[in-house]
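The following pair of complexes shares a single chain, subunit A, combined with subunit B in the former and subunit C in the latter.
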Partner chain A sequence: MRLLNISRYPGQLVMDVVTPIVFASMPILLGRASGGANAEEVFAANTGTPNYVAYMLIGTSVFTIVSFAFWHMAYWLRWEQETGTLEVLYLAPTNRIWVAAGTALYSCLRSLLAATAVYLFGSLILQVTPFQGQVGLAFLFILVGLIPLYGMTLLYGAVILKVKEANALVNLMQWGVTFLMGVFFPVAIFPPLLKFLALLFPPTWMTNGVRSALLGIGYFFGEWYLDLAVLWAFLLVAPLFGYWVFSKTETSIRRNEGVGQY
Partner chain B sequence: MNLEGQNLSPSLIASLSAFWAMVRKELIIMARYPVNFVASFGQVFLIVAVFTLGGSMFYRGVEGGSSGGNPSGVVVYGFMLYMFMGDTLWAIGYNVRHEQVQGTLEQLYLSPASKFANLVSRVANILIWTGLLTITASILMASMIGDLPVENIGLGLYVMAFSLAGTFGLGFAFAALTLYIKETAQTVANFLQFGLLVLCAYFFPFSALPDFVLPISKLIPLSYTVDAFRSTMMGFPPGFPELAPIGFEVVLVTVFGLVMPYLGYVLYRRAENHARRRGSLSAY
Partner chain C sequence: MVSPPIPVRVENLGKIYQVRQRKGLFKSEKRSVEALKGVSLEVQPGEVFGLLGPNGAGKTTLIKILTTLLLPSSGQAWVNGFQVERQDNQVRATVGCMLMGERGLYWKLTGRENLEYFGALYHYSPKDRKRRAEEIISLLKLGEIADRTVETYSSGQKMSLAFGKALINDAPLLVLDEPTNTLDVPSASELRAIVRDLNTQGKTVIYTTHIMIEAETLCDRVAIIDHGHLLALGTVAELKASLNREAVVHVEGAISSRAEESVSALPWVQRATRTSQDGGALLTVVASGGGVNLPQLIDALTQTGALIQKITPEEPTLEDVFIAKTGRTLAVDTRA
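Entry: the complex of A and B
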C-alpha cells in the first residue's frame, strides 16, 4: 500500500535522488575550489583515496539509506498518532511488530533503490566510474547493516512516542547521523570520545565498509571480515535493545496518557 | 459594503498594533514548541560541522591552508544568505499553506486587518529567529574553518539589507504560487531550495561551477547578491567579485531589493483575489 502511495508522487521520488547528489556536490565543489591543483593529493592524505567524488557519493548514498530508515519509521508513528489510528492498531489482533516490519520493508526497498540511483546518477553526472573495487562486498556491508539500523529506529520510535515533536527531532537526527557516520570525512579526525561514540553507531561501520570495499581506504580492524563481524554483533544486539526500549516506553505511555494523545 | 474601502486609511497606530499582534501570534506559536526551538539550533550547528569538515579534507594539513581564496569567507557569508533564502522560501509560503490547512486563512480574510501586515508579520518572525541562528552558526563556522575576513562593513550591510528585501519578495511570490499549486508547493520549495543552493554557489566560489552551469547562474539575481555580499565582506580579494564588477552588482542588488518585494506582493494579491473569486481560499 505504501509503495502504491509513493508511486503517486513522482516529484518526491525524483527529489529522493536529487537531494543527496546536491548535498554531495557541496563539499566536492568547495574542495575543488579551495584545494586547487592539489585537491586530490591533499584529499588522499586525509582520507586514504584521491577519488573524492566517489568518496562523497558513497557517503551520501549510505546516508540516504540511514536517513530514510529514521524518517519513514518516525513519520509512520507520528502519522498514525495524528490521524488517530495508532490506538486502533493497538486494539487490532495483529502483533504490532509485523505492522512495524511492513513499514520497515517498504522503507528498505525505497531507500535501497534511491541510494543505488544516487550513486549511479551521481557517478554519471560527476564523471567517476561507479563499479570499482569489490562491489559484492560493499553490498554485503549494506545488507548486514540494515538490520541493526532498523533496530535502532525502534529506539527513535520510542523517543517520538514520548516527545511527539517528530519534525524537529527527525531533522536534528538526520544531521546528527550525517555527522557521526562521517558522510563526507573519516571519523578518524574526531577527538577520542566522539570517535568512540561514532563507532557505537552501526552506520559508521556500513559507510567505512562500503568505502573500503570500493575504494580501498582501509577497514577499521584491518580486514573486511573483522569489520563485518562487528556489524553482525550489532545485528544481534541493536534490534533486541531497540525492541526492549520501545516496549518499555509503549507500556509506560499506555499506563499513563495513552498512545492516542499527541 | 466595501470593507476594503473602509480600511484604506486606518490610523498608523492601529496598523502597527495589528501588525505587532500578528508578529506576537507567530512568536507565541514558535515558543509553544520548545523541542523544535532547541532542535533547530542543534541542527544548524551540525550542518555547519558536516560541510566544513567535509570541505576541510581538501586543505587540512596543508602548509598555508587553502589555495583557492579564503574558504571561511566564501562559506560563512554564503551560508548567512542561504539561511534567509531557505527559510523565506519555506516559511512564508508554508505559513499561508498551514493557515489554509487548519482552516484559518479564510477567517483572516474576513477580518478587517491589513493583508499586507499579515504577510509581513511572517517575515518578522524569520528575521528574529533566522537572524539569531545565522549569527550564532556563523561564529561557530568561522571558529572551525579559520579566520573570517571582515571588511567594508557599511557596504556589506547595505548589500545584505537589499538582498534580504529581495529574498522576502521572492518569498511573497512563492506564497502566491502556494495558493495556486497547494500541496505540490512543498516539493517545488524543496526543488527550488536545492537548485538555488547549487546555482547561486552559496557554499563555494562560482569558479567551481561547471562551465555550462555558470551562464544559468548569471541569469539569477540571487547569484549577484551572494557574490556582491561575500566579495565586499572579504575586502575584494583577487578574483572577487566573480560575476560582474562590484558597481554593477550593487546597482543590481539595489534594484532587486526595491522591485522584488513590490512585485512579490502584487503577485500574492493577484493569487489571493483569484482564490477568493473561485472560492478556493479554504480549499487545500
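Entry: the complex of A and C
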C-alpha cells in the first residue's frame, strides 16, 4: 500500500535519483578542476584507489540508502502523526513493529532501487565503469548493513515521536551521517576520537565494505569477513536496542499526551 | 448461556497531563492538568451511550483511554472484558473507532484502498478485506466515489469514509466521536439511521456529540462530563426528570373563561392562564407535583364546550439538563 502511495508522487521518485548524482558531481568536478595532473595519484595515496569518481559515487549511493532510511522512518512517523493516521495505526490490533517493519521494507526497496539507479546513471554521466571488483560481496555488505541501519532509525523514530520535529532533526542527522560515514573521504583521516565515533556507526562499515569490494581500498580489519562480522554484531544489537527504546518512548508518550498530539 | 461481557467498565479513572507552559522566548514551566477526576461508569451491552461535555471536559481523554491510545494515571478500565492497559491488542480488536473525523485517512489512496489497508491492519485476508470493503461501500452508498483518491472527496464524504473505517472490523463496540461533524443535514440523518440499525443488530455504541437533539434521539443513556468529573448519568427521561421542574402544557383552540376556571379547579393544577391569540385562545396549564393528568384536562375542557386544536407539552430539553448540571451551554470551551 505504501508503494502504491508513493507511486502517486512521481516528482519525488525523480528527485530520489537526480539529487544524489548532483550531490556527488560537485566534489568530483571540483576535484577535476583543482586536482591537477597528479590528482589520481594523490587520491590513491590517501584512499587506496585512484578512481575518485567511483569512490564518491559509491559513497553517495550508500549515503542515499542511509539518508532514505532516516527520512523514510522519521518522516513516516511525523507525517502519519500530522495527518492523523498514526493514531489510527495505534487503534488497530497490529503490533507497531510490523507496521514499522513494513515501512522499513518499503524504504529498503525504494532506497536500493534509487541507489542502484544513482550508481548506474552517475557512472554513465561521469564516465566510470560501474561493475568492477566483487559486486556480490558489495551487495552483501549493503544487505547486512541495512538491518542495523533500520534499528538505528527506530531509535531516531523515538526521538521524533518525543520532540515532534522531523525536518530539522533529519537534516541535522543527514549532515552528521555524511560526515561520519565518509561519503567523500576515508574515515582513516579523522582524528582518533572522531574515527572511533565513526566506527560506532554501521553505515561507515557498509560504505567501506562496498568500496573495498568494488575498488579494493582495504577493509578496516584487513579481511572482508572480519568487517562483515562487525556488521553482523551491529545487526544483532542495533534493532533490539532500537525497538526497546522505541517501545519505552511509546509507553511514556501514552502515559502523557498520546501519540496523536502533533 | 454465557452473557456477553460488559462493553465498558470504568472504575475511578483519572488522567493527569503534564503540559509545558511557555513563558516568553526561552522560559517554560511544567504544569499538571487533571483531565479526568475519578470517573466511574458502565456501558451496558446493546445500548447507545452518549457522552456530552464541552471541549476540554475530558470526554475525548476518556475515549482515548478506552481505545488504548492513552494510559490512565489512576483507576482502571475494561473494554469488552479486557483490561485496557494490559490487554490492549484484545481491546483494539473488539472496538471500531471513529475518533478524529476526516483526519486519519490516506488522501493519496482511494476510499476502497483505505478500507482494504485498514482491513489488513485488522488481520483480514486479502479476499476478506476486499469483501468487507465492498460491504461498507455499499452500506454507506460510497460506490460512486470509492475508486477516487480521498483528496478529491468533500468534507462530508471524508467523514462517511472515516465512519466506514470504524466499521471495518465489525466490532461489537463502536466508539464514535462527533461523527456527524461537517455532514449536511440529510447525510447526518442517514448516518444516525445507520448507527441505529447497527445498534438494533446488537452493536453497543459510545457516541459523543455537541448536538443535543442528536443525543436525545439516539442515545439510550447519557453521561455528562465537565472539568473531568462525571456530573450526571441516566436515560434522557431520567436526566430531564432530575430537573424536578413544573410540568407545563399549552392548549390552543376555542377556550372560554369558563373552561379556564374549570381547569383551574382541578386538584393537580397549580395555575391555568388563558390568553387570546389569532381568533382563538391559548391556555397555559402549570401542574404541581405529579405532573399533568392529560385525560382529566381534556375532560374538563370538553365538558365546558372548548374546541381543542392542539396540545403541546412543554418539556425540559437535554440542553436544559446540561445547563443545570454544568452552569453553561455546550458551546462554552473549558479547556484548561
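Basically, the second predicted complex is superposed on the first by the 262 of 262 C-alpha atoms of A that agree within 3 Å, B and C clash if a C-alpha of one lies under 4 Å from a C-alpha of the other, contacts with A are read in each partner's own complex, and residues count from 1 in each chain.
In this text, contacts are C-beta pairs under 8 Å (C-beta built on N, C-alpha and C of every residue); 3 or more make two chains touch, one makes a residue touch a chain.
Computed from a prediction, not measured in an experiment: that's the story for all the values here.
Trainee: So in the superposed three-chain picture, is A:E223 touching just subunit B, just subunit C, both, or none of them (first/second/both/neither)?
Mentor: Neither: A:E223 stays clear of subunit B and subunit C.
Trainee: Look at A:G84 in the shared chain and tell me whether it touches subunit B only, subunit C only, both, or neither; answer first, second, both or neither.
Mentor: second
Trainee: On the A-aligned overlay, A:S25 touches which partner chain: subunit B = first, subunit C = second, or both, or neither?
Mentor: first
Trainee: Name the contact category of A:W175: first (subunit B only), second (subunit C only), both, or neither.
Mentor: Touch status of A:W175: first partner only.
Trainee: On subunit A, which partner touches more residues: subunit B or subunit C?
Mentor: B
Trainee: Mind working out whether A:R255 is in touch with subunit B, subunit C, both or neither, as first, second, both or neither?
Mentor: second
Trainee: From the superposed pair, tell me which subunit A residues show up as contacts to subunit B and also as contacts to subunit C.
Mentor: Overlap of subunit B and subunit C footprints on subunit A: residues 9.
Trainee: Under the stated contact criterion, what part of subunit B meets subunit A in this complex?
Mentor: 33, 35-36, 39-40, 42-43, 46-47, 49-51, 53-62, 66-69, 71, 74-75, 184, 187, 190-191, 194, 197-198, 201, 203-205, 207-209
Trainee: Contact residues on subunit C for subunit A in the complex?
Mentor: 17-19, 64, 67-71, 73, 89-90, 92-93, 95, 97, 99-100, 103-109, 113, 116-118, 120-123, 149, 165
Trainee: Okay, in this complex, where on subunit A does subunit B touch?
Mentor: Listed in rising order, the residues of subunit A that touch subunit B are 9, 11-12, 15, 18-19, 22, 25-27, 29-39, 42-43, 45-47, 52, 56, 163, 165, 167-169, 171-172, 174-176, 178-179, 183-185, 189.
Trainee: Which subunit A residues qualify as touching subunit C in the complex?
Mentor: Counting only subunit A, the residues touching subunit C are 1, 4-5, 8-9, 83-85, 87-95, 99, 251, 254-260.
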